[in-house]
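In order of appearance the chains are A, B, C, D and E, and numbering begins at 1 in each one.
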Amino acid sequence: MTLSLLAELIVMPLIAFVVGLALVLMMRRVRARIERRIGPPLLQPVYDIVKLYAKRTQVSHGIMHDLAIVMLLGGITTSVCFLPVPGLEGLARQGDLLTLVYLMMVPMLGLALGVGSCANPNGSIGISRALTAMLAYDVPFVFVVIGLAVAYGTTSLPEIIAHQQSGGIATWGAAEMPLLAIAGFIAMHAMLGKEPFEIYVAPAEIATGPMAEMSGKYMGALFVMQSFQLYTIGALYVTMFLGGGENWLTFLMKLFAVVFVSVALTNVYGRYKTDKVIRFMWTWPTGIALAGLALVMMH
Amino acid sequence: MSENAGSRNPLQLRDQPETCRTADAEERSAWQRVIGRFADNCRARSLFVLHYCTGCGAIELPPTITSRFDMERVGVSPMVTPRQADILLITGYVALKTLKRVILSYEQMQAPKYVIGFGSCTINGGMYWNSYATIKQLDQYIPTDLFIAGCMPRPEAVQEVFLELMRMIDAGKANAWRDYYRNYDHYLANQQALFGPQWHTPTDIVAEAKHYGLMGPGTTGPHTRLLDQHAEWALDRIPEDYPERGENERSER
Amino acid sequence: MSLLDILFLGALAVALAMALLGGTRPAGVIATLSYAALLAVLALMEPLLAQSNAAIASSVKFQIIGEEIGWSMNGLGWFFALITVAAALFASWFSSGQWGAVQYDMRRQHVLLAVNVFAMLVLLSSQDLLGLFIGWELVSWASFAMMTQRGGAAARAAYRYILYALAGAMAVLAAIVIIRAHAASFNFADARMAVAALPSATKWTVVALLTAGFGVKMGLLPFHLWQAPAYSETPGASSAFLNAISARMGLYALIVTLLQVIGTDVLTNLSVQFIWLDARDIIMWLAAVTMVVATFIALMQTDARLLLTWHGIGQGGYMLLGVLIASPLGTAGGLMHVMNYGIYQAALILSVASVMHRTGTSDLDRLGGLITRMPLSYVTMLMGIIGLAGLPPMNGFVSKWMIYKSLLEGREPLLLALAFVTTLGTILSVYKLIHNIFLGQLRQEHWEIREAPLSMTVPMLLLGAICFVTGAMPGLTLQLVDRAQAAIGVPLLAHHLGGVTLATGSLNMLWVVGTMLAMMGMGAVIFYLLGGRHRAVHQYDNYAGGHFLSADLRYHFSHEFYPGLARVIGPWYRGWIVRAEASLIRLSDIIGHAWRGSFDAGITPLYVMAALVAGLLWVRSAGGLP
Amino acid sequence: MARSSELLVLPIALPIAAAFLMPVVANVQASLARWLGIAVVVAALGVAAMLAVDIAQSGPLVAALGGFAPPLGITLYADGISITLLIALLAGGLLFWAASPGDNVRSHVLMVLLMGAGSGLALSGDLFNLFVFYEITAVASYGLVAGRGSGAEAGAALRYLIVGTLGSSLALLGIALVYASTGTLNLADIARLAPERLAGVTGMAAFLLLVLGFGVKAELTPVNTWVPEVYATASARVASLLAGIVSKLAIVIVMRIVVLAFPGEQARELLLVLGIAGVVAGEFAALGSATLIQALSYSSVSQLGLVAIAFAISGTAGVAAGLALALHHALVKPAFFMLAANWRGPIDGLAGAAKATPVAAAVFVFLALSIVGVPPLPGFWAKYLLVTAALAKASPLVLLAIAVVLAAVVVEAAYMFRIAVALYGQPAPERSGPAILRGDLARATLLAAGLAVVTLTAPAVLDAIHRMAAVASDRDAYIAHVLPERGARAALSVSVGVDQRTERSIP
Amino acid sequence: MTSQRASVPAQLDHILHEMSEVRVTPKGERRVRVDLAADRLPTLLQLLKGHGGFLHLSSISCVDWPETDEFELVYHVWSYESKMLISAHTLIAKSPGRFVSVYDIHAPAGFYERDIHEMYGVHFEGSPNLNKFILTSWHGPPPMLKSFDTRAYVDETYAWRDYNPQWLKDIAAKGGGIEE
């Protein structure tokens, strides 16, 4: 069994990476289409990442800058291993939803430490905004996770998926707890860090924030993180509310649908200021999530 | 003394008999050549343009990148900081003060990096040919891959230069950036001629060349020794009278 | 001569030894070794406490006014004693080298540390309410003495502490005497029977008095103002000791009184008529609100020590929350959090102390970029903040996870939400701490700074390592927690080396940490081999929009670190409690001056006249006349 | 061994006789008079010690003077409490001899007079007798407070005189009322007749007057306004004598009156109210005080208030708590005054005292800890006894008293440790902390050592106090002891006979 | 010296009349040119600002007359009420090249004087700040002077690219010009 587990631990990150790249491509294509452009070729994300990794000279700001990137890569691949996908359960039984939510914060901390050691105030301001945004969108997300855990009576992801798939669409998370699904979606959208919550990579204000001093493979690692982030957040939403993947086809369709809606929304919004992000996230999605939680606690 | 000692016309550079791909010294083993080939292929298709409008030509870039001409089809997209950028577009005349920022940005960019000179001002002075404040030949101060003629080329021309650059990268010929490391002393000489012997930037090009094995015959010379002699301070202890002090209007405060 | 006697004598011997040769160079080493010896004695006691209500009695006992007072240490006391002696060991180890040499009066610090340890051991081994109260007062006064060492601001903070502590102690005394009035004797069994028989009004007063009394030391909400300044003004090593364990004496006393003497069943059916809350809920909500308020005050601090001490108050809320849920998972989580918190808070305080030792300041706005000069202190602080924030590889995550799961199973969603929001607040404030001190641009005046000496970095790194090891293998700590849980009488939690396996979602830290390390290894491979060569550059070779960076231009963002957040939650800091305390002080001054004015011998006849008139009225009524 | 009841009169007679002899002797040789006075006090102390041993073995001692049977003549009654206070008075007198050798013989005479009158207060079992000795004590203390007669001292003594005489006259009125309603002045007789005679309105009025009268010396609320001024201006030794010992004698008299003459609830209620008012006034005034001396004088008012609250609680527990508090205060307050004598001026002016005189500062902190009531020091056990005794009677007023007592602890800590923090503060750069006289330091350290001994032997001391309180609070035993044949029957006939003493020893 | 005053508005005429030896030539419907001696200029500006409402000094320009070795300073002052522009011309000698600053009358003058100082080398007495402003790295003479030969400087400092590729030579061979 351990061999297959070991194989799973290798395959899951690779799948996540490939699907993530496809998601990134879709995102850029959707953006192009909205701007009445054709958009990048099929393999553009691959080209970008390979070019960044193949850079001849790269700037590092000390050992912590390098270790932070290693911690980032390690963190995102670990969190993927705890996310059950059709056929591959990985380590889902060793850690539950709460563990996964925390594991997704490790890469954020790694990025923060790396950017901090770049000694560039643009990066520091970016990270301060990123952490503030995290505080903003995690409040509704917490109520969603609690509501889910109380509704299903368990926080282990395989059980949640089993429960949702037991009665077809009727027992999907979204069907049973629509309010939590909506609040969850808004929180997930904010997690992706795209407009209107793109305050920490604001190119016009703080020179792409955390990425200001990232060159070559450091920038490549951030591109990889972006693809992993799209996959993880999309897959988490699908697992929590859309009944996870009976098989790979339906799983990918749900995943691309969720990310498509979110990405489509992104390109029609400007960028909120930091305190506007906090005020919005702590009023509407939190209110909806609280209502959902109250409903769940009712019965 | 119209012919400045040591200044060489980059166009002649083009005609040097560079055979196919052996210019890159360390690509010796077959495996590295395959990797190199694939890397060049990806480099050609993913170009990040530095979002730095040095002159009047920058207004041509938005139409090139947005929906009408859409350079993202071939993988070109704008990037904000020099660290992430591959191409530095010098769009129009370059005043002395702008040249300092251009050189700083160029040195902060990571190799392989490419410079494209827009318009006649960068080729031979353009309509500011007799101005005391602008430089006449861009390629004397930073190695330039391509020039576009015209007094502000239209987006089609910009598109054409991007495609030409991609073909050169694909063929492994866009190696002007090596020239900056190999003949750093020549470029430094021109720069110091303009800005005076005190001139230097926080980036340590000679050490970088040593680190990445890009040293060439012309990397160090009289001018880099002048650089070391002036910058005898170690990077840790920059002295109070850092040469750029006047530049930042320190005396104003 | 039971083991407990040896423990007491050992603690006294250390105090004596430090009194004699505290000033000499090897004093720190002697103290560390003696604390290690005490730790060994504690280890010897462990097998004896295996049974559920086993306790090691001490031969010291005496009769006074018909009351029987004796000392014996059960599993719970043993668990806290372990942390106390360990904290003292690391504190004295830290001060054994150069740090101790530059201190103003190191002998006094060693002596007071030993006296504090002795007082805490006495408290932790009390077997009856009166012994608990005596131990409690000794601990309060010992920590008061420790806080006044630096004089000036420290003395004022300590003075404010002792007033809070005494008010708390008097509340506890009132509660104890009320219980004694209805009980046969002071020991816990009789007290438990007496409390059960009390009318509900008296039960409410006893619970309120005990919670308020012991809550003062834990920094529960209305009484939390004293803790941060008092703990941060104490010198570095003793501050680490105080932060790690001193505030947890309140938790120990609360566990003993609320859980063992009063019992959760009594607490749960003490309900308020109209709202569905009962006593236990109210205390849990108090703990939860303390958590959130203290953490978000910590977020706004600009001094490193104050930020950490405010977090101390916040984390206290977690422990109380865990313990009060009284399910095996919750109690185990709460107690484990006591040990985890002790470890990483000590590491953080020592790291800040080493930064102060080198730079002379702990003001976050006057530091920055020290990672290049003090890497070891950086590593310690990094491990400490990951623990404090409760993120996976470190032990803080395991205990917080267990508390969350118990809150979930106890169907307390809003408390869980508050706990989670506190964790987020902690992540924000700890990043600000490590960023403003170690990351960003190095100031010119810190260019010649060197790393703290080995005598300081080794204990810090050891604490960080323990933090990681107990995080990767939480089973080690959970075994110690079993002893304490057995003493409380809560059924033991089924756990294994990696963590806890439950039907409703389990946690196996071996896998979590193992995968993280493996994936980081893979990340390193990708980073170092696949990516091309990279070169470290100087901090002035940085993107500044084309500007030439130089030494005298401060190109660093650290002041007002979360401006957006400050704009939103800034107006919420109204400082009601601070203003309440200030008005209380002013009121007592006014009354004082008024009474002093009344003592004027000249107007005594007026007083006597008034007394006589009042007396006449009283006489009429008392004498039975209509 | 025949009961040495005759010796009972010596501690009173000897000092008073010596007081009148000393001026004559002074004409012959000045220092001889002083030595005569001291010798007499030492003798009295010796007698008191013998009496203490006898009482400890065989219970209280009664002596009828002049051959008249108890209800008529002057009777002396000595049980555990009075003998302890007597020894404390005489030992304190010797320790804090308020007159230095060079002084005029007058102050030595006053001291000896104070000793004699004080012992009279402790021992007399007769109401009028109490009033007479109370007057003599008052006069002696006015003289001592006046001291060398400097402006401030004279002013303070005069105001003290006015308040004192006001009090004495009220006491006299009270005694008159009691005599009118019961027809007798002997405490035992009053106790026997009290239930039906003194329970009415006149009884309560008498009680009020007596309490206000004796309250002056016992620093009870309405009549203690002289305290701050007198203690601040009088010499430290006089202040410690008055605050330490004489006030205890007065409060014990009030306790006797309450226990014997007015056992009813109303009387105790009044005493409780006065006690609470005393504690609140003393504590808050001390908080607002600017100098150490002021803080200490107000603190003694509040401590006396505590003792009053304790005595207001009926039963042995109340008396035991009151006695414990009184003795603890008698031990601690003089030591405080000794320190305060050298630490005059505003509190923050004391900075650096710890560096200049570390022993004195340490003694101050030790005493402060005990007075605040930190276990295992005796102060804590006294307060603990008070709280447990009070809690047994759960009437709302008593609960208020407990709350006031506990709050008082916090306020006490506030001003005591404000001073302690100031002592350990850093002095102004050029100034160093105040120095301290070796004599005062020695006395303070001696008392602190006494306190430490009591801490170690706390169980034994508390048991002894409990036994004394049991004897003192037992009314019937008192009556039976003083009027042996009338114990049970309420016979009105007067039997004369000095030697009808029956050997009945009450454990 | 009294020029054709007729077409100058009466109110303005009245002000200018207060000063002697002032040559006024209306240049257009809203333009008036005034020529006066150098030392009278600040008084005129003060007068115009005080009485005529000429609050806005839009710019100071300088003309280099190499033949007479003089600088001509032109102060352009606007009045919003009467919507009139007065340009006061005055001549100062080039050799000392010193003139008094009008910063105290019109604050913007500080900036214009700094510019003229940098470009022409005229030193304005009392101007708040005459440091280098635009040509911070320029170490040569004031470049706007006619005496400064930019062409020679450029030839000396920069190198020209001699660029004559074959196709250019063919055109030149065919006599140049544009082929139809």
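Everything below uses one rule, namely that a contact is a pair of C-beta atoms (placed from the backbone, for glycine too) under 8 Å apart; a residue touches a chain by one contact, two chains touch by 3 or more.
Not measured: the values here are computed from a predicted model.
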item: Separation of chain E from chain C in steps, with touching chains one step apart; value: 2
item: Centroid-based (C-alpha) most distant chain relative to chain E; value: D
item: Higher-contact pair (C-beta pairs counted), B-C versus B-E; value: B-E
item: Innermost chain by mean C-alpha position; value: C
item: Chain of greatest Cα-centre distance to chain B; value: D
item: Chain centre separation (chain B, chain D; CA means) in Å; value: 100
item: Chain A and chain E, separation of their C-alpha mean positions in angstrom; value: 63
item: Chain A and chain C, separation of their C-alpha mean positions in angstrom; value: 36
item: Chain centre separation in whole Å, for chain E relative to chain D (CA means); value: 104
item: Chain A: positions in contact with at least two other chains; value: 54-59, 207, 212-213, 216
item: Interface hub residues of chain C, defined as touching at least two other chains; value: 533, 535, 537, 541-543
item: Junction residues of chain B - those touching two or more other chains; value: 81, 83, 100, 208, 212, 247
item: Chain-chain contacts as defined at top; value: A-B, A-C, B-C, B-E, C-D
item: Contact set on chain B toward chain A in their complex; value: 35, 38-39, 42-43, 45-46, 51, 66-67, 70, 72-75, 77, 79-81, 83-84, 86, 110-112, 208, 212, 214
item: Of chain A, residues touching chain B in the complex; value: 28, 32, 35-41, 43-44, 46-48, 50-51, 54-59, 203, 207-208, 211-216, 219
item: Residue numbers on chain D that touch chain C, as the complex places them; value: 159-160, 162-163, 166, 170, 200-205, 208, 212, 222-229, 266, 269-270, 280-281, 284-289, 294, 298, 369, 372, 374-376, 380-381, 384-385, 387-388, 391-392, 402-403, 406-407, 409-411, 413-414, 417-418, 421, 424-426, 458-459, 462-463, 466
item: Partner chain E, residues of chain B touching it in the complex; value: 1-4, 7, 9, 11, 96-97, 100, 123-125, 129-133, 135-137, 140, 193-196, 246-247, 249, 251-252
item: Of all residues in chain A, those that touch chain C in their complex; value: 9, 13, 53-64, 66, 69-75, 77-78, 81-82, 91, 93-99, 102-103, 105-106, 109, 112-113, 116-122, 124-125, 127-129, 131-132, 134-135, 138-139, 142-143, 146-147, 149-150, 153-156, 159, 199, 207, 212-213, 216-217, 220-221, 273-275, 277-279, 282, 293, 297
